[in-house]
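Each of the next two complexes has chain A plus one other chain: chain B in the first, chain C in the second.
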Partner chain A sequence: MTGEQVAVFLASSLRLSMPMILAASGEMVSERAGVLNMSLEGMMLTATFAGALGSWATGRPGIGLLCGVAAALVVALVQAVLSVTLRANQLVVGIGFNILALGATTFLYREIFGPLSREVIPGFAKWEVPLVADVPILGPALFRHVGLVYVGFALVLALWAGLRYTAFGLAVDAVGEDPRAADRAGIPVALVRYVAVLIAGLMAGLAGVFISVGDINTFTEGMTNGQGYLALAAVIFGGWVGGRTVAACLLFGTATALQFQLPAMGIAIPTAGLMMLPYVLALLAVAGLVGHHDPPAALTLPYRRGA
Partner chain B sequence: MSAGATVTKGAAPAWAPPRTVVIPVLATLAALGVGVLLITATGTSVPDAIAGFWDGMVGSSFAIGASINRAVALALVGLGFILANRANLTNVGGEGQIAVGGIAATALALHGAAGLPRPLAVGVPLAAGAAAGALWGAVAGGLKVRRRTNEVISTLLLTFVGLLMVYWSVQSENLLRQPMTSAATLPESLELPAATKLPTVLRDPGSPLHIGAFIALAAALAVGLVLARSALGVRLRAVGLNELASRRAGIRDGRLVVLALTVAGALGGLAGAIMLQGELWILTSGFTSGYGFDGLVVGLLSRGSVVAVIAGALFFGFLRSGGLAMEITAGVPAAVVVLIQGLLVVTIAGTAILTDQGRPP
Partner chain C sequence: MSPSAGSVLLKLDGLTKRFGAVTALDDVSLSIDAGEVHCLLGENGAGKSTLCNVVFGVHAPDAGQMHLEGRPFRPTGPADSLSAGVAMVHQHFSLVPTMTVVENLMLGRLDGVLKRRDFAARVRELGATYGLEVDPDRRVAELSVGERQRVEIIKCLIRDPRLLVLDEPTAVLPPEEVAALLAMCRRVAAAGRGVILVTHKLAEIARVADRTTVLRAGKVVESVTMKVADMRALVRAMVGRELVSIDRMVAVSLGMEAAGHAGPPPRPARPAPANVRTRRDDALMVDGVSYRDHGGALRLDRVTLIVKPGEIVGIAGVEGNGQSELAAIIAGLVCPTGGRIFVGGRELTRRSPGEVTAAGAGIIPEDRHAIGCIEEMTVAENLFLGALGRFTRFGLLRRRAMGEAAAALMHEFDVRGSGPGAPMKSLSGGNQQRAVLARELSLDPLVFLLAAQPTRGLDVGAVDAVYGRIFAARENGAGVLLISSELDELLAASDRIIVLYRGRIVGELPAEAGNREAIGSLMSGHAA
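On to the complex of A and B.
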């Protein structure tokens, strides 16, 4: 591989990992608070579409970003009401949201854009980070991306710091491990869980907008194509720890990038095998065969005072 | 999980908890109402859309047969769901179980089974499909028992692996892809030999209705009897209600968990085989097209009742056919049907707390 190819490969690995990094980091916060959002895929898809629509209608990608994040937050809010207040089965409700999001975005897309639209969505311009963008290989690989990549990483770091060093972070772990004890200690369990789910929604929204407005500059039906599920798998694979979760996303993204890279290099490899790899790894992880970690003790368990 | 409506039971309690019926019905009506509103919003005339919908559902013997054939796959997945759900297990892997069932049935039909006498030529691929699905379910069951892996996560991940296996199978000539004669050869399998196709039921050559309908009814009867009348059904429920207590009572709960998920998987795999041998005849990437998730919805909405599974499967089968026809004749995207289904799951799962109040403990 030439240096240029290496740079392209690294850049596309990062690009393909980015939606999962964003979504998984938010989802990790929510899961540490005890709420599993199976609807991550649906939140992302909703944001992918709403972001594309906003950007296309106004010609301004920034508006698209706001639309996408707002739409994902609405889904997250309803998810929170159902999971926390109405104590519904989080997994089933989440799958329902994914079906709903697929139906709704496909329906609206066909109505608004038409079924065969190749409409280009105005996207963010790439930002060349001063000084480092011209470093050989690493410059083009890491420092010539849309701004959302850097904002995204900053947010991910902020989430880690927030979980680790703030009272809210402590509260998140407390309600995720033992909501009853947390309640007795005066922590508002429901409120913490609502905020945690909304954080997942915010990050899933950014992830979705990144796909349509930040990266591909178009919308296609079912565009997220399982990336939300992969992000969920990454949280498990990462053992509910920030750094490991991001590493899992990078691994999944690299496997995806390899599908395009290897054939380009003339290496014949069944691409289906590479596409399967993240799911198999995640399966091994949930089976505890690779780096087993215990999930938060109250994950998916609704809490009711006095019950 | 429903403890209420086991409809197959003879001595039913005097008109059991109505809320488990009323709320799903209300949710269904509300979801359909949203569908109608959306159709109106597209500017299509609602009578036109409904006419197209009706035509696609029951307008011809073809439409009726195709709708019932669709319902077969949904019913089988739904039956598997309620069986496993009786033990408080949530099998969301129907889509992947259909996928591996379809692969296995295609493999057997193309390689070996066609030369067998007619009943075997049909039966062997069906059995292979069921076996492949059973294996898929058993993996989830084994992980649940041995490694305490949540079956929702494992069945979902196995679904993606199964779907990609279909993709792989039809991409590679060493697997099931038809021989490449030109660069334009599509990535799909050869058509299944005629001997392995499911026989149709009616003399009417226009009707695609095949014997899958009877297989699904037989499966429904079996699941109904097991759940309502057998010791196995009681054990499943015991494990579902209180794992620890049932273990103390001498029930081998681990085996039951594996068994329940294996049977659920087998029914999903059988659904995949029936789809291939019944109507599709060619294995293509994405042939599962959401039937597994729709079957999950059917199982979920039925709240444990076999009769409700059949009704729900027919409802969704006809809904799917109607939606497709409406897209063609009235230009309303069939995605509106998907939207309605999603809305149904969210509303019904979201309001479970209301339904479960006042039900017997």
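On to the complex of A and C.
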């Protein structure tokens, strides 16, 4: 493999991991507060479409970004109302959202763009980080991406620090481990969970916009293609710990990048097999690691005072 | 502005609280002074916990007023009470087990950055002042029950409350730690705070109380200063009947009488071995059983014990030292990581609960609600869920025959309820436990009985009934393994006592009053 190929491979691995890193980091916060957003895939897909639409209609990717994030936050808010306030089953609600999001975005896409349109969406320009962008191999691999990559990593680090060093972060963990004890300590359980779900929505929104506006510059039906589910798997694989979760996302992203890299290197492996790779890895990782890390004790359990 | 000692801190006037048809508090009036330890005494269900919860703002009273330092006090919730200077340690702890002590103490705010080091320093300082030593950086899951309670108390004291409410704090402690807790209560009172201490143990009251109020059926029946208190009068007030009629096991469970002080063992003379159905085999043999939990922690370490037919072996230990795991393994609910289990000579290692029952082992589990019965189902269904074959013909369930058999069993075991068709959850705790006993003791033959915390949460009448049945099972030749966190109960009921500490057997002594101290210190991890 030439140096150039290595750089391309690393760059595409990072690019393909990015949506999952964003979504999984937000989802980890929500799960640590005890709410499982099975609807992560739907949130991302909604944001992917809304972001593309906003960017296409106004010609400004920044507006697209706002549209996408706002759309994902709306989905997250409804998810929070259903699973926190109305105490609906989180799995059922999430799956319902995913089906709805797929149907709604497909329908609107066909109505607005026309079926099988490949309309180009105005996207973000790549940003070459000064000084380091010209370092051989690493420069093109790591420092020539759209700004959202760097903003995203900064947000992920901020989330970790928030969980570890702030009173709110401690409240998130308390609410996810033992909502009754948290309640007795004076923590507003529902409020903390709402905020946590909205953080997941915000990050899923960024992830979705990254796919359509930041990376591929178009929209296709079902564009997220299971990356929301992979992000959910990464949170489990990562044992609800920030660093490990991001590492899992990088693993899945690298596996996806292999799909393009191996054929380019002339290694003949059936495409279908390669496309399966990240999902097979996720399956193995989750199956192999079940029981190795304890999930937050109150994950998926609604809280009702006094019961 | 600490209130001067002796001034009235909290005054309750005509407090009444109803839950549906039940009147939990009925026109309760009393006052707590600054600088005093005020004990609330009463049976289960007398309204002690309800009273505490009203003071702490968990429940709003239906009638009556409270005054805190002369000002009207109407807390809208626990947070309100806390800010008014009332703090409470609940019977069930509310600590997040995965977090450290300091993290638990810092919980409650949503804004700001955590100051772990500052808090740790305050924890050490409070610990030194009140004798509440605990390592601030350890995870709560690793702490003993006594240490967790200290964390709960520190959690209260860190807010500098004027009134500290402790709901049955000694129920979970080993004898040694009880003394330390009571001493802590005195120190808190000496600092000018008021302390409400709920208990049903008279011995503790005598050691720590300035005043005692006795509740029965939601009413104040007696309120005395300790200078003039007469223990027997307190018991009479609490139980509502004369002392002479109180069974000895009951007296022991109230802490009135240290077990065995009443001279010769009061057990009925046992039938000669020839009259007992002769069995060659041990009722229970636990052979080198070890157990590691999911986290890899060793919960039981090569436990070996034998229960012979016609004897009661008591397992003493502070809660969380492996008793629950041992009970679950014997019941077939948990597979041991090593060792073997025999009942009546038949190996039952890694067998299902159904096979354990079939071998003649009756199991009274410690958690009646979760494991002992299915509260949503009827009494009859609960009694015969494991024996439905008896009532099945051509694949159909003969409900009438089942109801009749259940009615007979309920009569025999004095299970009071509206009938075999009543849902289990409509029964009182004592009657639920009688129903569980009825099911487990009607096994024929009953080779072995596991009784785990059989009287927990039961009132005086039910304690009496439960031990009567357990003794009867022993007279019929069953071997009984009795697990209890109440050392006095074990001393009074058992033939010999085995002490568990951190999953190991650390000693075995005859159940004699003279061994009480020795057993207590073994329970705390000190060699006898």
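By our rule, the second predicted complex is superposed on the first by the 285 of 307 C-alpha atoms of A that agree within 3 Å, B and C clash if a C-alpha of one lies under 4 Å from a C-alpha of the other, contacts with A are read in each partner's own complex, and residues count from 1 in each chain.
In this section, a contact is a pair of C-beta atoms (placed from the backbone, for glycine too) under 8 Å apart; a residue touches a chain by one contact, two chains touch by 3 or more.
It should be emphasised that the depicted structure is a prediction, and the values quoted were computed from it without experimental measurement.
Undergrad: By residue count, which of the two partners contacts chain A more extensively, chain B or chain C?
TA: Between chain B and chain C, B touches the greater number of residues in chain A.
Undergrad: Give one of first, second, both or neither to describe whether A:180 is in contact with chain B, with chain C, with both, or with none.
TA: In the superposition, A:180 contacts chain C only.
Undergrad: Between chain B (first) and chain C (second), which, if any, makes contact with A:170: first, second, both or neither?
TA: The second partner, chain C, only.
Undergrad: In the superposed arrangement, which partner chain does A:194 touch: chain B (first), chain C (second), both, or neither?
TA: Touch partners of A:194: none, neither chain B nor chain C.
Undergrad: Touch test for A:297: chain B only (first), chain C only (second), both, or neither?
TA: second
Undergrad: First (chain B), second (chain C), both or neither: which does A:210 touch?
TA: A:210: touches no partner chain.
Undergrad: Now for A:219: first (chain B), second (chain C), both, or neither, which partner does it touch?
TA: It touches nothing on chain B or chain C.
Undergrad: Return first, second, both or neither, reflecting whether A:286 touches chain B, chain C, both chains, or no partner chain.
TA: The first partner, chain B, only.
Undergrad: Quick check on the complex: what are the chain A residues that touch chain C?
TA: Those in contact with chain C are residues 165-171, 173-174, 177-178, 180-182, 184-188, 191-192, 291, 294, 297.
Undergrad: What part of chain C is in contact with chain A in the complex they form?
TA: Counting only chain C, the residues touching chain A are 78-79, 82, 90, 93-99, 103-104, 106-114, 294-295.
Undergrad: Once bound in the complex, which stretches of chain B touch chain A?
TA: 38, 42, 90, 92, 143, 147-150, 152-154, 156-158, 160-161, 164-165, 167-168, 171-172, 293, 296-297, 300, 333, 335-346, 349-353
Undergrad: In the complex formed with chain B, which residues of chain A make contact?
TA: 38, 78, 82, 86-89, 91-93, 95-104, 106-107, 110-111, 115, 221, 226, 229, 232-233, 236, 270-273, 275-276, 279-280, 282-283, 286-289, 300
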